[in-house]
Amino acid sequence: MKAIVLGGSSGIGRAIAESLRTIDCDVIAASRKDIDTSNLASVKRFIKKHKETDILVLNTGGPVPKQFSQVTEKDWQKYHNQLFLGFCILLQKLKVRNGGYIFAITSGVIREPNPRLVISSAYRLAFTAVFKLASKDLSSKNISCVNIAPGPINTDRMRELVGDLDEFAKSLPMRRVGEPREIGDFVAAIVKNRIKYLSGVTINFDGANSNFVL
Amino acid sequence: MKAIVLGGSSGIGRAIAESLRTIDCDVIAASRKDIDTSNLASVKRFIKKHKETDILVLNTGGPVPKQFSQVTEKDWQKYHNQLFLGFCILLQKLKVRNGGYIFAITSGVIREPNPRLVISSAYRLAFTAVFKLASKDLSSKNISCVNIAPGPINTDRMRELVGDLDEFAKSLPMRRVGEPREIGDFVAAIVKNRIKYLSGVTINFDGANSNFVL
Amino acid sequence: MKAIVLGGSSGIGRAIAESLRTIDCDVIAASRKDIDTSNLASVKRFIKKHKETDILVLNTGGPVPKQFSQVTEKDWQKYHNQLFLGFCILLQKLKVRNGGYIFAITSGVIREPNPRLVISSAYRLAFTAVFKLASKDLSSKNISCVNIAPGPINTDRMRELVGDLDEFAKSLPMRRVGEPREIGDFVAAIVKNRIKYLSGVTINFDGANSNFVL
Amino acid sequence: MKAIVLGGSSGIGRAIAESLRTIDCDVIAASRKDIDTSNLASVKRFIKKHKETDILVLNTGGPVPKQFSQVTEKDWQKYHNQLFLGFCILLQKLKVRNGGYIFAITSGVIREPNPRLVISSAYRLAFTAVFKLASKDLSSKNISCVNIAPGPINTDRMRELVGDLDEFAKSLPMRRVGEPREIGDFVAAIVKNRIKYLSGVTINFDGANSNFVL
């Protein structure tokens, strides 16, 4: 199977690419050079080049932390593209073959919005609504759509957000952050086992760290 | 108290304006001529002109129904402004006085996204995240933020969406759509009774029509 | 209109009873002597005595805080009656007249379960499911069902839970706990203004203190 | 690893037992003869006999469909044990070894309560709150707790609920019900891949059939 993993050069994206390779997927781990979802022209070039796939992983980094009062119009516009509109265009125009999978890697902030991550909280949540609706449409092609909302994971991004990761980890239920590989292996396991009926769902992946009941 | 009601010339907005007048608010019922939230320059002119208020009602109509596959980049951009970014700028720059209220009139589609209303489902939900975060910030000024998510209400919009309103009503638990006045009176009752601790909450207003548990 | 308020002798229940009296309801503020929902025989006697009402407020205190590991079978059984089954029997057998209202006073722990309040978190949430379903059934009689989930409110119960209320209040977004009167006035305002289309909804009443998006 | 699967003689439970065997777990597929969670004495005998495990799957059938108005006190009491209290006692007293897993198989009705399944909707949701809290406690032992909420799955139960399964399937997004094996393989894949950071989460498994956004 062919897989395209956006944001595939580091962090969670890279881990997913690596795990998919272990189950013999032919993986294109796209870096920002290959596709910059904040730039719609770049998104369209990417679609024209790659045309179709069996597995699509929608994944991208988030913005520098900012309080709501400091977010500029330019910030909104940029991340509207990066976290929402670029993904919508990919969903509309990059063909996923029948029986395929689409994974969206969003964030735990879609359920518990974070004041420093207001941009991500808003746009990743907006995309979650689109992705939920798309999951219904794509069901007729037996394409499964799974939204994974990571909590604290061991990435450069997390270090940027919390500073001392070891100190931060003590506050977590599992006394550690998650490993990107766990998400990668989770994604690969779903594909490998042909689990298709898992679709239209958002799965928090946070080591029991969130506080809402469901 | 001074109140600014956006989308105040018809439907739910007008009903809120009318109800607030009955409790002696000095109401500016802004029409699209006064402020068009899809046009950020118009939003900024409005802010410059009106400067501050005690009560702000963020309300605007939604787009023509469209399936996800048919939504164009231009549609996304326009309604990103109209349903999200214009409201964010108002939240950032229009001063709400201490002890005031902000009401956001969103839609039931923020919890149960609707395939024909994918644009509203996404951007109104994005704004819900911003509004939740803003409610925390604004608490220190004793400003209460209430998100009202209407279900089927007796407006021109609803007629446009469902066609025969009487026929549609038979499918609803209450055998009727809601009246705009009910939402108007609900808003006015909160203000009149100085109910301040109701903040940071999304209230579905749908006559028991939604199906999620909470 | 006739109103029956359970747990009406103190705290939120008393405040609701008082607010309903200001709008000329004929209020029965039932104390635990009148009805003890942990005792189903007491519930049935109460139903036999009072038969019907226009407004029913389902309200009762919660158990002493306990960690999950310490909850005994007897605790579960008692509070299953008090927080769930007694209310179910009231919903089934106490007649609420056409056009009436039922308010359930639950708790913010139904969305964000609290480790010290595991019993309340579970059974109040269970009742929320029943109440949601009942709201649909009762819509045909124009009876509105509103679930109010209070956050930190100025009651003896809250003092028991947090100790120093003033110190605790500093941690809250509004720098204060809510007043029972705010909930009382909210309930009375809904009734007085004949707001009927608000039904089947859970309204967190917590001064922007909760962290989930919706 | 040792696994105990309740309700393991048919349907989803049996499928989980079978999938776990393929990854070399030593599986006890308990039938109702072995443990009847509606009978607390039976639960305690089972605990005494089996003492501890690495993997525990909390799974049981639901009651015959009934409208709320028809549910008797005896029904509530029985299913309070079967769907809630028996599981709580197992969580409290059956030792799960460090690094283990607990899966709760609940139902899609915990998010979208079903009028014919009011008992399940209530008690399975109550257990979801307990399980969420337990997931935090158990994190310190590196035990992962995953709540799987199946939608329409190809079981005897589903046939009992909907009658003609083929006809019903046409109304579903995927035009089919899910297969028990998909859930079994999903559970086994999590265990086999040592995915531990997936904990404290409820995963709807419904082929894009549910309508809430998250």
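In this document, chain identifiers A, B, C and D correspond to the written order of the chains, with residue numbering beginning at 1 in each.
The definition used in the following text is that contacts are C-beta pairs under 8 Å (C-beta built on N, C-alpha and C of every residue); 3 or more make two chains touch, one makes a residue touch a chain.
Remember, it's a predicted structure, so these values are computed and weren't measured experimentally.
Asks: Taking all residue numbers at the subunit C to subunit D contact, is the shared part over half or under half, that is, same or different?
Replies: Copies use mostly the same positions to touch.
Asks: If you tally the C-beta contacts, which comes out ahead, B-C or B-D?
Replies: Between B-C and B-D, the larger count of C-beta pairs in contact belongs to B-C.
Asks: Rounded to a whole Å, what is the gap between the Cα centroids of subunit B and subunit D?
Replies: That gives a centre separation of 40 Å.
Asks: Averaging over Cα atoms per chain, report the distance between subunit B and subunit C in Å.
Replies: Between these chains, centre-to-centre, one finds 28 Å.
Asks: Residues of subunit C that contact two or more other chains, please.
Replies: Those would be 110-111, 113, 121, 125, 128-129, 132, 136, 213.
Asks: Which of the residues in subunit A come into contact with subunit D in the complex?
Replies: By the definition above, subunit A touches subunit D via 110-111, 125, 128-129, 132, 135-136, 138-140, 142, 145, 147, 151, 153, 172-175, 178-179, 182-183, 185-186, 188-190, 192-210, 213-214.
Asks: Which residues of subunit C touch subunit A once you look at their complex with the stated criterion?
Replies: 110-113, 121, 125, 211-213
Asks: What residues of subunit B sit close enough to touch subunit A in their complex?
Replies: 40, 68-69, 71, 73, 76, 80, 84-85, 88-89, 91-92, 110, 113-115, 118, 121-123, 125-130, 132-134, 136-137
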